[in-house]
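Structures incoming, each one as structure tokens.
In the two complexes that follow, chain A is the common piece, with chain B as its partner first and chain C second.
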Partner chain A sequence: MNQNIYRSMSRGYFILLIPGLILLAFFYVYPLLNGVYLSLTSWDGVSRTKDFVGFSNYINIFSDSRFLNSLSFTFKYAIVSTILSNIIAISVAMALVSKIKFQNFFRGLYFFPAVLSMLIIGFIWKQIYFRFIPYLGEQLNIDVLQTNVLGNQDTVFWALVVVTVWQASAILIIIYMAGLQTIPQEVYESADIDGARGLKKFFTITLPLIVPSITICLILAMKQHLMVYDYIVAMTGGGPGFATESVTLLIYNLGFLNNRFGYGTAAALLLFLMIVIISFIQIYFLRKKEVQL
Partner chain B sequence: MKKSLILSAILTASLLVGCNTSGESPSNGSGEGSNDGVKTIEFFQVKSEAVQTFNQLIEKFEDDNPTINIEQNTVPDGMTVLKTRFSTGDIPDIFITYPVEADYVLRANNDYLLDVTDEPFIDKVNGEIQDRYIENDRMYGVALSLNANGVLYNKAIFEEHGIDIPQTWDEFMAVNEALEAAGQTPVIMGNQDLGQTSIFNLNFVAQQFDPDYWESLNAGNETIVGDPRWEEAAQKMLDVLQFAQRDHMGTDYDQGNAMFANGEGAMYFMGAWVLPTLRDMNPNFDEEFGYFTFPQTNNPDENVTISGVDVGLSIAADTDYPEEALKFVEFLVDEAQTFADLDGSFSAVEGVEIKDPVLQGLLPHIEEGKVANWPNHYWAGGTAVEADFRSHSQNFFSHQNIEQYLQDLDSMFASYRQ
Partner chain C sequence: MNLKKLGVYAFIITGGLAILFPLYLTVITAFKTPEETRVSFLALPESFSFANFIQAIEMTNYVQGFMNSFMITGISIVFIIILGSSVSYSIARNQDKKFYRVMYYFFVSGLFVPFQVLMLPLIQQLSAIGMLNKWGLILLYITYSLFQSVFLFVAYFKSIPRELEDAALIDGCGVFRTFWHIIFPMLKPMTVTVAILNIIWIWNDFLMPLVVLNNSSDWTLPLMQYVFESQYSANYNLAFASYLMVLMPVIVVYLFLQRHIIGGVSDGAVK
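Up next, the complex of A and B:
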């Protein structure tokens, strides 16, 4: 019976889907296919003809030290930022769902970074790193902080991670708070009776029950950080030297500065493939850990 | 099964729709929307500080030519936008182009630019500058103004320490040492900004190498590593760098401008394009600051001022109104004196007098012809290789290893050879 209702209604639903499908096809599928074609050419973005070169863009890119360098920076950055922002988000979310004073005020405060655009955040932190941090470094007599950390190849990575974690945590906190509030109080009560305390309670009760939230947060954060662009453009422009050139910035530079549209598109498609594969791996492993009450 | 059939049908259909629309769009997007026979011409220019100047000139032009409407279009990061517009076929009618540079060559060779070789206004432009536009014996652009690059200095600081304008490299280094000994910051730099890392150092490069060298380098006949001229240039970069403010790697262009305009440093290596910005920051700028030419060597006769085309105009080959576009360009050439007065730049047009008080400091070199074009304009790879050069230079300012720098430059130039 269920099947019949489903079938008779499905046509109506299907018609409703059509406008969305057309838009999706026009704005996603067509550009994607066009991109696949461009990545097989040596188009420079200007000439009126596009020379077909087969897979040579893809082959060359893996011996391009600049691409490999940006790839290793991007992965290092994405993994460190994802782990740190999730750890911080879980801790803050647990504090915010517990019975503390000014709970709503703190919730608003911690959500605040999420409402600002990444570019604005980048510019604000750029000023903080230029003016405030060096001042702080002088007062506290910490040598490494006395000059702009964005201008130093050894510190610029961590400077970016701090900003990223600061902003990315905000959204994750909301998701984790929602996840934590779905855990029934009875589970904790029976754990108390069984004598579970502190960390033990966290690792055996809380963590397994918020795995769905962890899945979504890890995927969201990882994808966002692998595609980092705004912070870098606002704060370092990829420098000093090539120290913070992320893959997305490299794609932009290849296409719009170096006139290598075909090559840049190939890099973009590779990044796309990597993100898809990583997301699937994350889903596959984390789904296994999910528990039902 | 059936569902996926319809779905794929729709997808295919929408793909076709997509193909059709995109196939039509590359027609000339501008110039449309004419009413009452008014012809609209899009003028795409990348100098945000010159918008007012051009507006005044456009107003005058439109008064004389009521049937032509010039639409000035300035966007941030204009050169990149222009590049995208070329790649999508949406080319403005008139736009700024720099001669010699690879983008110009590429566009000229792909028949995107209108041939202006035989236009009468070409003769009014300084021949030596205008000839930079020659490509396959034809010219596809006209030079209007020139930028120049030198050392801005704070007159009060120089006077306070009894320092004269240095004429040679040794004098220049002595000035730096004297200022530092007196507790002054000798040099302000904004090296966090990639755009700033190819300004003072290209002075040494421009002084050392002529266009023939670049042709030979582009052909792969030169090696940078082990070349004493490159080693000397790189060493001089480091020599200057040690007199910059402590956090020069963490200071960007705007911050550097503000520091210099507020008197936090004695000297600033910068092109004349920065003057409007500094005047905004310090109303007494003209009295308090001066310009002198960068003494790259100990022989004043060998020192050069880098000067390239700042505003040069090209017309799209497939513009709807070539006559009107040419008329506007001719008007701008005829009004070069007005433009120079308003813009505060050197003019490429003959017979134009420079009234800007600060620019006077660079005038002797310009008048004597002791100028060099931006060396990067000769590099195969155009703005791309220039951008890479900036990153490599910024890298060098961090690691300060000359050999590493020259190796990076070698492989950089190699990667752009076809």
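Up next, the complex of A and C:
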């Protein structure tokens, strides 16, 4: 190609990149770096002066029981929700790809929760827990259900997990269905000849072949659940007490309610670090288990 | 039909009912009066009265919330598609250069950065330049959509042959015209995927409008709902009518475009 055309082309390509670069520099790189700086100060978010305090926010945070509680709640919630929603999604996806009638209808129904607002779903379930579950508890004579399950330290965790699994399974089902449909029928036929049955067939054939889908689903679900915010705000507001204050809600509260801006930024960056580490661990371990046909 | 098949159907139908139940409760409660609900939770309403809906529309300023959500989503999507595809074009066609390979990782790195991490410094920054309004919010959506859309579009470019555009470029058709007239139309399947993923995200998003939209005249539907939630404590029939109103646009669109939406989301996730 002629030199002039080539030069004007590389200019053209670069110009196409510029608007994106500017936006990222302004709304992504700058706040991220500024956040790193602010996390080293004791800034309250309002005053003019920002006192540099070094790493003391990061040191103090690990002896702050509010942060540690919040972290342990968030991890427990994310791990339990991730495992349950993935087990349910694999089971439903396997049922849906087996030759059933109305497959498209059921697929549409099961995916439906994924397009709905998490906040509104949280409000709807809050009303269900508040009005319908106590009513059901009375009818069935189950004591635990007769009180508000969201107001009880022991039951609120599971109440949140139920809503999460109800909605989060939807997208996982679609991903697992796509993964299952790539397994050629011959693999199962030869397994039948070898005499593999039921669960053995599942663990030796199906599961290893859908490892790529499992990787995607675990990372997707874990990241989403570690960032839980909408359900908490809609259903518990972090209560009872601080029992369900997720890390993201804690960041919000520290920054906007408690005037501890620097400290809140430090908490946010720690959460970020954890998400990156967890994602890489998941990718690393599941890569090893991948099987090629 | 054998026993195993029967088990599969029983399982799927039970799960389906579990999905429908909260929605069923939402719809019937929205049409009932408090007295009817007191008599029975699960029964259908005696008559379908729209009184709850009319009251909810007035109380939550529904029309304005809808218009705001619609406008914010619509404007964002147009720019997301244009910017996402053109940035990706530039990156995908220059993978032989180190600068553009670095750029790819730079754009995609944001996939690991949750909004909450940027939130506090970002709000200070927006407030300093007077952008805590719907325009600031739209800019944020456009920026943060790039992480995923660059990832998806660049992957899609691998499947688009270069012969056609090379011919156009040699004929003196510049980079921009080549992109717009030849490349962009060929991206259509991925453009639909990107549009669907971002519409679902922006329409339902709550946290970003909550921290960015200072002025109540800019509020989106989820934010309106959040603000008015405390006023429903006495009348949950009204609450359910209001929830249903917020979900309604999504339900209607889903009924018509179900196949495209599921296809789009699964393409987006599997890539």
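What we mean here is this: the second predicted complex is superposed on the first by the 272 of 293 C-alpha atoms of A that agree within 3 Å, B and C clash if a C-alpha of one lies under 4 Å from a C-alpha of the other, contacts with A are read in each partner's own complex, and residues count from 1 in each chain.
By definition in this document, a residue touches a chain if its C-beta (ideal position, glycine included) is under 8 Å from a C-beta of that chain, and two chains touch if they have at least 3 such contacts.
All of these numbers come straight from a predicted model, not from anything done at the bench.
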| item | value |
| --- | --- |
| Which superposed partner A:Gly241 touches (first chain B, second chain C, both, neither) | first |
| Touching partner for A:Ala95 - first (chain B), second (chain C), both, neither | second |
| Contacts of A:Ile124 with chain B and chain C, given as first, second, both or neither | second |
| Partner chain(s) touched by A:Ile281 [first = chain B, second = chain C, both, neither] | neither |
| Touched partner set for A:Tyr30, first chain B, second chain C, both or neither | both |
| Per-residue contact with chain A, leading partner among chain C and chain B | C |
| Touched partner set for A:Ile79, first chain B, second chain C, both or neither | neither |
| Contacts of A:Asn258 with chain B and chain C, given as first, second, both or neither | first |
| First (chain B), second (chain C), both or neither touched by A:Val144 | neither |
| Touching partner for A:Ile59 - first (chain B), second (chain C), both, neither | neither |
| Chain B and chain C footprints on chain A, overlapping residues | 10, 14, 21, 26, 30, 45, 256, 261 |
| Residues of chain A touching chain C in the complex | 1, 5, 8-10, 12-17, 19-21, 23-24, 26-28, 30-32, 34-35, 38, 45, 88, 91-92, 95-96, 98, 100, 104, 106-121, 123-125, 127-128, 131-132, 135, 166, 171, 174-175, 177-179, 213, 216, 220, 223, 227, 229-230, 233-234, 248, 251-252, 255-256, 261, 264-265, 268-269, 271-272, 275-276, 279 |
| Footprint of chain A on chain C - complex, ascending | 5, 8-9, 11-12, 15-16, 18-20, 22, 25-26, 29, 41, 83, 86-87, 89-91, 93-94, 100, 103, 106-107, 110, 112-114, 116-125, 139-140, 142-144, 146, 150, 169-170, 172, 174-176, 179, 200, 203-204, 206-207, 211, 221-222, 225-226, 229, 236, 239-240, 243, 246-247, 250, 254, 258-259, 261-262, 265-266, 269-270 |
| Interface residues, chain B side, partner chain A - complex | 3, 6-7, 10-11, 14-15, 17-19, 80, 83-84, 86-87, 103, 106-107, 110, 112, 191-194, 246-252, 255, 381-384, 387-388, 391-392, 394-399 |
| Footprint of chain B on chain A - complex, ascending | 10, 14, 18, 21-22, 25-26, 29-30, 33, 44-48, 126, 129-130, 134, 146-153, 236-243, 245, 253, 256-261 |
